[in-house]
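In the two assemblies presented below, subunit A is common to both, partnered first by subunit B and then by subunit C.
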Partner chain A sequence: MTALVEGLKSIKKPFLITILIVLILGSGLPFVTSSYMLRVLNIAMIAYLCVLSVYVLLGMCGQNSFAQAGLWGVGAYLTANMTLKLGVSSVPAMIVAIAGTALLAFILGFAFFRLRQYYFTFATIGLMTILNGLFMNWTPVTGGALGISDIPPFQLFGFTADNETAKFFIIFLVCLIVNVIIKVLFHSPLGRSFMAIRDNELAADCLGVNSLLTKSIAFAISGALCGAAGALYAFLSGYLSYQTFTYQQSTMYLIMIMLGGTISPAGAIIGTLIISLLQEWVRPLQNYMQFIYGIGIMILMIIQPEGILGGGKALYEKYIKPRKRSPKAE
Partner chain B sequence: MKNISNPENAVLRLNDVCKNFGGVVAADEICLEMYPGEVFGLIGPNGAGKTTLLNLITGIYMPDRGTVVLGNKNISKQPTYKRARAGIARTFQHPRLLGRCDIKTNIYMGVDLANKRKKKSGQVDNELAVLMKTAGLETVNLKDTVDKLSYGQQKLLEIIRAILCEPSVMLLDEPAAGLNNRETEYVGALIQAAVGKNIAVLLIEHAMDFVMSICDRITVLNFGHQIMTGTPKEVQENEAVIKAYLGGGNHAGR
Partner chain C sequence: MLDVKGLHSFYGTIEALHGVEIEVNDREIVALIGSNGAGKTTLLNSISGHVTKTGSIHFQGKDITKLAPHKISRSSLLQVPEGHHVFPGLTVEQNLLVGTTAEKGIRLRAGDNRELLDMVYEIFPRLLERRKQLAWSLSGGEQQMLAIGRALMGKPKLLMLDEPSMGLAPLIIDELFEKIVEINKNGTPVLLVEQNAHLALSVSERAYIMERGNITLSGKSADLLHDSRVTEAYLGKQKKEQEN
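Right, the complex of A and B next:
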């Protein structure tokens, strides 16, 4: 509890102002874009939540997972089953999806994190394959190859988010809330212990960090984010297919965050926006898309392994900051 | 000096601690006890098992035999993080700071540990300012990443972090190695600050003048064996120590 207070204290004016500006600009978006473009944005924001889940796990805690799309699917199928088969209303269904996915991730994390570094990553590849197999074959729950259709849209107090604009505002709101949570996490003792594990696990041990438990919590938080994204996707699309929650999609989240940079959530925004919009703008080149990604990633890793944000920061520190600090230097 | 006569007051006690690596004896029935506010030196030639002993105390290695007792709790079987929470802080021969984090985050890892132990959320800005001044780091920008600091400054920062853990025992692994004279003085000042907080300091160091001037008692190790424990004066006059250390020279000073 005290940790939460400390994290909340870290929210300063500049961050609040940024959130406010984003809120105002974002609220205007539905009125200036076509409904097709709005759909693209909605999908991008859901991807953004999943990319943030990679940010928490990889960017903060230094653990790489290829199972994020699988966890996203768990959240989505949980929501679909809750609303369609059990008739639960939207908000509780979403809470169950978030908590359920987080719990699953925590338990699996507790088992997987007995393995270190890339052995954990290999384990998540296995998890992704199993989850996708379940989505495809567990017909009573996931609808099998046919998927689940007619999932009701988000409803609250008699209000139904059945058009694209209403859906936009709900997803947008969740994204903003999640950003505030991540900010609090970053400045809390828990967030610091994530980063200690990322930078030096032995030092973290000697500073009293229980690395197995802490890494499992990081995986659980990333699971919760994926669960939220899954619930929103179920409400947005109304139809779930096993072909959505694939290994390729997990890889795409990693590409997005590598492109943007893992040093802050801003990297997740940049990466998600660029890749999502790129996919729309170069639709005529669809067949060459995989090729472009492949070459692009290779070039990026050679030129700027820290991503766009890392590159920008390096440039800033090289050219702009020295001038600011010592104006009389020359 | 501080309550050394009464073994009841010992904060850390090693009883017959043994560790072998294959056929190599790294620690052979090491017995020592440390008291609050004491600076305890651990010296010996390279490969004598000094760092191994530190790793046995922090739980990075588990002892083959013998017990490590902190206060009156046997911690021999506990993992590293539990020992840290029980009150053992350490630094490393090569500083292990969080390379991608800023200086403040690094420092607050220590504060978090102290808060965890006391189950509260305390701020330490005043204390931190005093310690930074003691270490000559008062001009450092806390928002810079640690790679902006020199090697010596990083080692000093690591000691500050350990002090802020509010441990009962602080283990320093060659804190002055690779440091210039002024930085070594800062290390001495930080050790005095720790002593002022009643922390027992275990110091591994090769710079003899430094060790002899700051330590209350010293243990000499050679090939995992404990040659002797005594005051700096006793150590300097001991024949066996001189032989082990200098290969038969006349004096133990440098």
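Right, the complex of A and C next:
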């Protein structure tokens, strides 16, 4: 028991310190960056939540989905409809968006996960196509091709997040909370079941892991993350268009996590930041962007299939860790 | 304890088992012997719910014939599948902790598993040494120990081992089988599938011989070791040695 408690403590302390440092550094960001850059960061953080949803599903549970941008859209349109048409205030609307998207993912997961491995992935491609079709054509709910505009910004206790800095803090806070939740999930029996399924589904079955239910829960959690991202996006942008929630965007999330590395949420941060900032820095080259991505992904998969984080970890274990150890051994 | 009657198993339209009947009693090690393709693994997979079948399977008086695999595991009937099925990306200890799912189901909060872990580490001290290592870095023998230890975490009332000796060096096999006997002495009955007939017969009380999806022979292991039909088919080498 004591060893277990110690183990948990050793995990938690550095993590809490990291969270604290990120909190302090992050809080300073709005005061040193331009409002344009802040906008870029806000959108990047929303993308980060979606990339985390891929981390839970692919990195932890080993299931690949191309429907994440669609689920993101579901969260966004739910929020827009709740606030605009039903006059619900921000927080309950966000909760409904999260719960609704999670529920949708759970039910679909229960159906889809009767299919194994890449058959699930194919099913999600179908789901993405259907969702995008709905966003484009279901005019009473999604505004059709015109989209929905004038979504009110986030409000709580009379405070309105109508400027970029306020929006930054709200999204930043949600990102931090989500990170803590993911960390707890990682060390929970549920998270271990995800990883057991990822590593060896047959063995997991033999140990009493209900793989259908467990995978559906993983999909639901990833849906909840997309739902939260969708709600935040609706508050941030105030305008939703079907052109935002596309198959390409789903692919982009996968590229982000593959670039960063699927082994931990840190990979999601690295991948999201690099791609989001890259899009800004090389804006003049935009016409060639798809080309650069394509080549970049191929090179990455050949040289370092575990992403930047995996590569960094390998280097650390090869060069730095042995040096650290040797004085002790002597 | 385990009572299998009239078991027919199917892969699609192909019938793989033709009315198999076996039983395992309290505190026994029962061996299941047969050559490649005799249906030993199919029998275990049928019992654990991974293969389509007809017939009846009762475990501790309860009918488990129609239960889903995870429900069968949760009634404390645990299978260690053939090959070294560890979770390579998890540490040894995480691997063991997944084993508690069998008893407790899907939960968010970790309970106190220290006692169970200590029990497993006591049987397999090597796992304690390697508890923080990722499972892929273990040797074949250690992976097999981990797979068995992980099943023990689910507090099995019956442990089904599928070819634990597969691909291991003779010395490691001896060590592993000592551990299996030890686990059995602690009170867990074992259904042991083995190709190595001599080894299986020497550690078990009773044995079934399988051929082409049927049980062709059964009895006390000590008797079977000297039964001419067994020695000819499965212990051929030793018989020749005796004749010489």
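The definition used in the following text is that the second predicted complex is superposed on the first by the 315 of 330 C-alpha atoms of A that agree within 3 Å, B and C clash if a C-alpha of one lies under 4 Å from a C-alpha of the other, contacts with A are read in each partner's own complex, and residues count from 1 in each chain.
Criterion: a residue touches a chain if its C-beta (ideal position, glycine included) is under 8 Å from a C-beta of that chain, and two chains touch if they have at least 3 such contacts.
Fair warning: this is a prediction, and the values are worked out from it, not measured in the lab.
Student: When the two structures are superposed on subunit A, do subunit B and subunit C clash or fit side by side?
Tutor: clash
Student: Go through the superposed model and pick first if A:I17 touches only subunit B, second if only subunit C, both, or neither.
Tutor: The answer is neither, since A:I17 touches no partner chain.
Student: One more residue to check, A:I217. First (subunit B), second (subunit C), both or neither?
Tutor: second
Student: Determine, under the contact definition given at the top, whether A:C206 touches first (subunit B), second (subunit C), both, or neither.
Tutor: It touches subunit B and subunit C both.
Student: Examine A:V91 and indicate which partner it touches, taking first as subunit B and second as subunit C; both and neither are also allowed.
Tutor: After superposition on chain A, A:V91 lies in contact with neither partner.
Student: Between subunit B and subunit C, whom does A:M195 touch in the aligned arrangement: first, second, both, or neither?
Tutor: both
Student: Mind working out whether A:I130 is in touch with subunit B, subunit C, both or neither, as first, second, both or neither?
Tutor: In the superposed model, A:I130 contacts neither subunit B nor subunit C.
Student: Need the overlap of the two footprints on subunit A, from subunit B and from subunit C, as residue ranges.
Tutor: Residues 3, 189, 192-193, 195-196, 198-200, 202-211 of subunit A touch both subunit B and subunit C.
Student: Along subunit B, where are the residues that touch subunit A in the complex?
Tutor: Contact set of subunit B toward subunit A: 58, 60, 79-82, 84-85, 89-90, 92, 96-101, 105, 108-110, 112-113, 115-116, 120-121, 161, 165.
Student: Contact residues on subunit A for subunit C in the complex?
Tutor: Where subunit A meets subunit C, its residues are 1, 3-4, 187-190, 192-193, 195-196, 198-200, 202-211, 213-214, 217.
Student: Within their complex, state which residues of subunit C touch subunit A.
Tutor: So the residues of subunit C touching subunit A come out as 48, 50, 68-70, 73-74, 78-81, 85-90, 94, 97-110, 112-114, 147, 150-151, 154.
Student: What part of subunit A is in contact with subunit B in the complex they form?
Tutor: 2-3, 5-6, 189, 192-193, 195-196, 198-200, 202-211, 263
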